[in-house]
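Below: a set of structures, written as structure tokens.
In the two assemblies presented below, chain A is common to both, partnered first by chain B and then by chain C.
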Partner chain A sequence: MKKTWSLFLQDIRLSLQGLYFYMEIIIAVVFVAVMLFVVPDSFSRTETRHVYLELPAPLRSVVVGELEASGATIVLANSLAELEQSMQKDRMSSGLVVSQDGAWLRLEVVLQGHESEQTRALLQATVEGAMLEGVPGLTGRTVTTVLVPNAPRLSDRDSLIPVYLTINVALMGLFIIAAYIFLDKEEGVIRALAVSPLSTGQYLVSKMLLMLFMGLVNSVVVVALLRGGLANYPWLIALVVASNLFGSALGLLIASYFNSMVQAMEVLYTAMIVLMFASYSYLMPSFSPWWVRILPTYSMLFAFREVLFENGNVNLMLIAIVQLAVLGMLAFALAHARYKRTITV
Partner chain B sequence: MITVQGLSHCYKKGGPAAVKDASFEIAKGEVLGFLGPSGAGKSTTQGVLTGLLPLQTGQVNVAGFDMRHPKRELYNLLGVSFEQSNVYAKLTALENLQFYAGLFDVPTEDPMKLLALVGLDHVARKRTGEFSKGMKHRLTFARSLINKPDVWFLDEPTTGLDPAIAHDIKGIIREKNQKGATIFLTTHNMQVADELCHRVAFIVDGEIRLIDSPRNLKLQYGERVVEVEHTADGALKTERMSLSAREDQQRLNHLLEQGTVQTMHTKEATLEEIFIAVTGRGLS
Partner chain C sequence: MKRILVIVKRDIKSGLRDFLVVYLMLAPILLALILRLFVGGMTASPLRVAVLDDGSAIVSELSRLTHVETFSTREALVERVMRIDDVFGVVVTPEGHELIAHGNEMPGTDIVLRNVLRRLQAGEAVLPVSVGVRDINYGMSPLKLQGGLLLIIFTTVLGGMLILLNLIEEKMSNTISAMNVSPASKGEFIIGKGLLGFATPIVGSTMAVYILGFRDFDIAMFVVSLVSLASISLVVGFLIGVTNDEPISGIAAMKGVYVPVLASVLGAMFLAERWHFVLYWSPFYWGYLSMNAILLGEATWRTIIVNSSIILAITAAVFAALRPRIVRGLR
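Up next, the complex of A and B:
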């Protein structure tokens, strides 16, 4: 342990004299700044709705009032032709024609044509709902219930934090630890260490500790600045340890099959791309095929989301930590066995 | 201290052997020189003996440790100086030695004392990235002494050094040997081997062709000849005389009695000449 610690301190000293450590801090600070000052809290845009009303004056004012209350920007048109012309100028807008057909209120939703079936149905239901709520004498039949009242919810902006943590804290180690090993090989330092009482395992662990140190600094800085006291820090640290172990060990294992960073780059990059498919599922839950759900980064991303709450889902976090730790240790054992035979050859 | 039996090593499975069936022993306190041209198998042999390369065929025992599965404790007893300098460029000379000292489980030398020994104490706090090649080489040499090794592996210890510093380095090697260190010295510099080694091994194409002491080799392969410069009729003349031919012995006595001898040198064969005679190959 003394030797591993000595080498770890040595690596810290070397990294402080290089650029990488400061780059990590700068990236974290830039990410926080972009999140705070550039990225909006919510990604949903205010929808513009062009409306043509073929209604008598009293009913007209009631309908306009209800539509404005829905939050959309209402642009009134004087004719159907004017409505269509306005919509062509704004391809993200939608249209609505409201007319009276005897005792019936007739609603005609006008769309651009690129909307999905789900969007069309949702829009139709929203308009109908708004009318049913507001027009006197009519009542809605739709009832909405929630499983957890007042459930904590991340803003759209904070929902990006798990993606950042997965890339910069867990997967960046994949590249960086490989780069450190190849640098030691190129400088020949690894040969000097190989003829000292330091074991291969101690050498590899010291490199992983360096990755962990940087991962912890990076993640705590980002989460503290963006979530403050709302996050669960003990779980965050536990998850960073497990995910960093997984990323670093995988990087070691891949690097053990190559003699230089240039040779290893293609495989490292492919591994990172495949692992990052999970972020598509995280950001777009409708895309979640089985092969993405079995990626370790899938549970990692959702667990990182949970640690951002004071009382996140413990089961989700625990399962991810155990899974990542086991996979990390397995990858480390394989990498260690390979390096014992090849590190100085 | 070191026993090698039937050592062979291939870098590629089925490929040519870099070392073929090498066998030798090095006694405690002995200096063995491993001599040969580039690519002869010197560094491969040293690589296996230090555990940097796996032992594939044969038996190797270093300081009581079986090199098929060397234990880490062995390295408390070993010092290795590499031909290619390999120190941390971003650390100072002193930091390099202090860090390396922290890896051993045995009492270590004072890093400043070692730096003074190799003439680097005045740049102890300078980053080694700013060092010349020779300075880095001296630092690598000094680092190999940090754990006061019982067995010392030296790979081209004086290569690239200016004559004065090379002289100092040879002095350090002699001193450590006199204190009991066993030394495995790899070099293609025959003069260094001649000065420092109790025995030398000639290795060519991975095979050890001969092992003996420099003195025995010179006696066996050299001619017992004296080269004499003397004055005759006001001019300087040079003559080579055999020490074994009676006629030449009389001629030498005659010149000495006349008092005309200016210089006189024995002309035994050099190790390089013997190497060429034995292996049919030069060293460069």
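Up next, the complex of A and C:
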């Protein structure tokens, strides 16, 4: 333990002489500045809806008022052709044609064309259901049971913090630890260590501790500046420890199959992008297919969200920490076994 | 020219030996396949519902509209709702339905489900309104388009990153010093060293775009834009490669480069057009615009030539300003 600690202190001293540590701090500060001064607290998710009304004037103003109350940005078109042209210019928009069908209204939702049959059917049912609101006799009663009333929610801006913490803190070691190992290999440090009383395991742990040190500094700076006293710091630190060690161990394992950083880069890069697919499910929680749910970053992102609350979901945080710790240990054991055979070669 | 080809040949030979060329080709293809899987999942309904498997019609009714999971007991259903993703529980009651929510779902999703349940409760009754859905025949998913654009830009940046790492490794193994006493000039060395990291992402990106299902675009415009985009990655890769002596500081510098790359691409995607002028300095912004227009099938040669010229002009200006530093670093 003492030897690992000495090596870790030496690694810190060396890293403070290099560029990387300061670059991490600069990126953290830039992130905080962008979050505070550029990113709004709440993202306006207003959808643009192009509307063509084939209605008499008195009815038009009533319908426009109703549509504007829905929260969407309403752009009125003078003809069906104009509506379609406007939609072609803005591929994220939708359209609506409102006309009279005898005594009733006829609504025609106009979509771009990439939506699935299921999405179209859902949309139709939603619009029909909305039009039924307040109509007596046609529908039953829907009661809502909320399992956790007043469950805390992050602002849209703060919801981005877990994504940053996952990319830049938890998975920091994925690339950098590999770079450290290859650098030591290249400079002959590993050969020197081979004749020292240090074991391979102690050498690897020292590198992981260095990553952890940087990750802790980075995460505490970002969370303290953005969340202040609202976060749960003991859980934050526990989660950063588990996730950062997992990222470093995974980086070590991947790097153990390669002889140079250039060779390892592609696999590390791909691993990073695959792991970050979970961030889409985090930002859009209704999209959670099994292959995203099995990514370790999936529970990690939600656990990082919970640590940003004073009283976050303890079960969720604990499960994520245990899961990451187990996976990290497994990856480390595999990497250790491989390095024991290959690192001095 | 011959000396350039010798350097390229040597790089390809060593690249094939340590599978670098294979990885460079495979990474965008693999990512395209994953993206395709991802986009495929996204076309499904945006609503997930947990219901009791008690033989009631609600399972088949909701399956037509949403992603449905069935559970045999209420406890199991509640446990599912309490998990981290957004899944609502629906239980049939004598009066209608009970909607079970965790309480932390995205705002608005419960309203969609309430409307759906109201529609199901009305059954075959004649509605006071008729609703239809049609489209304007544009089948390309925005997620596939934006994902494909990000993939192209990141693949070219990756090319630059590999050049820088390659250079740093050459420096560390002192092969650059050996180059100084070889007949190859510095310019020939730069071109020779850059070609591999320049060409392979171009091939990889082209294949990735085909895998994603883009067919009706102008391949000549695509290649011209890709070449201009790769040129800036090349200069950045060289600059970082020659100014850093070890991979950690190289990766640190590259990490710094990712900030403007991401900012310009995400800015082009999400900023209102009146704010786009703040991104004019970034060649990645112009590259994004070109690629977007090409994949949408809306590009004209005039737009491509203007955008590519801007990218090349910025690249040339950066290279001219930093040339002495690059040449010094190659010593």
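Basically, the second predicted complex is superposed on the first by the 238 of 345 C-alpha atoms of A that agree within 3 Å, B and C clash if a C-alpha of one lies under 4 Å from a C-alpha of the other, contacts with A are read in each partner's own complex, and residues count from 1 in each chain.
Simple rule for what comes next: a contact is a pair of C-beta atoms (placed from the backbone, for glycine too) under 8 Å apart; a residue touches a chain by one contact, two chains touch by 3 or more.
For clarity, every value in this text was computed on a predicted model and none was experimentally measured.
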item: Chain B versus chain C as contact partner of A:125, first or second or both or neither; value: second
item: Chain B versus chain C as contact partner of A:198, first or second or both or neither; value: first
item: Which superposed partner A:153 touches (first chain B, second chain C, both, neither); value: second
item: Which superposed partner A:265 touches (first chain B, second chain C, both, neither); value: second
item: Superposition-derived comparison: chain B or chain C, residues of chain A touched; value: C
item: Which of chain B and chain C A:10 touches, first, second, both or neither; value: first
item: First (chain B), second (chain C), both or neither touched by A:78; value: neither
item: Contacts of A:311 with chain B and chain C, given as first, second, both or neither; value: neither
item: Touching partner for A:18 - first (chain B), second (chain C), both, neither; value: both
item: Chain B and chain C footprints on chain A, overlapping residues; value: 18, 187
item: In the complex with chain A, residue positions of chain C that touch it; value: 18-20, 23-24, 26-27, 30-31, 34, 37-38, 41-48, 64-66, 78, 81-82, 84-87, 93, 95-106, 109-110, 112, 114-122, 125, 127-142, 154, 158, 161-162, 165-166, 168-169, 172-173, 244, 246-249, 251-253, 255-256, 259, 296
item: For the chain B and chain A complex, residues of the former touching the latter; value: 47, 50-54, 72-73, 75-76, 78, 80, 82, 84-91, 95, 99-100, 102-105, 140, 143
item: Chain B contact footprint on chain A (complex, rising order); value: 2-3, 6-7, 10, 13-14, 17-18, 187-189, 191-199, 341, 344-345
item: Of all residues in chain A, those that touch chain C in their complex; value: 18-20, 23-24, 26-27, 30, 84, 87-88, 91-92, 95, 101, 104-116, 118-133, 135, 138-153, 175-176, 179-180, 182-183, 186-187, 259-263, 265-267, 269-270, 273-274, 277, 280-281, 284-289, 291, 293, 298-299, 302, 316
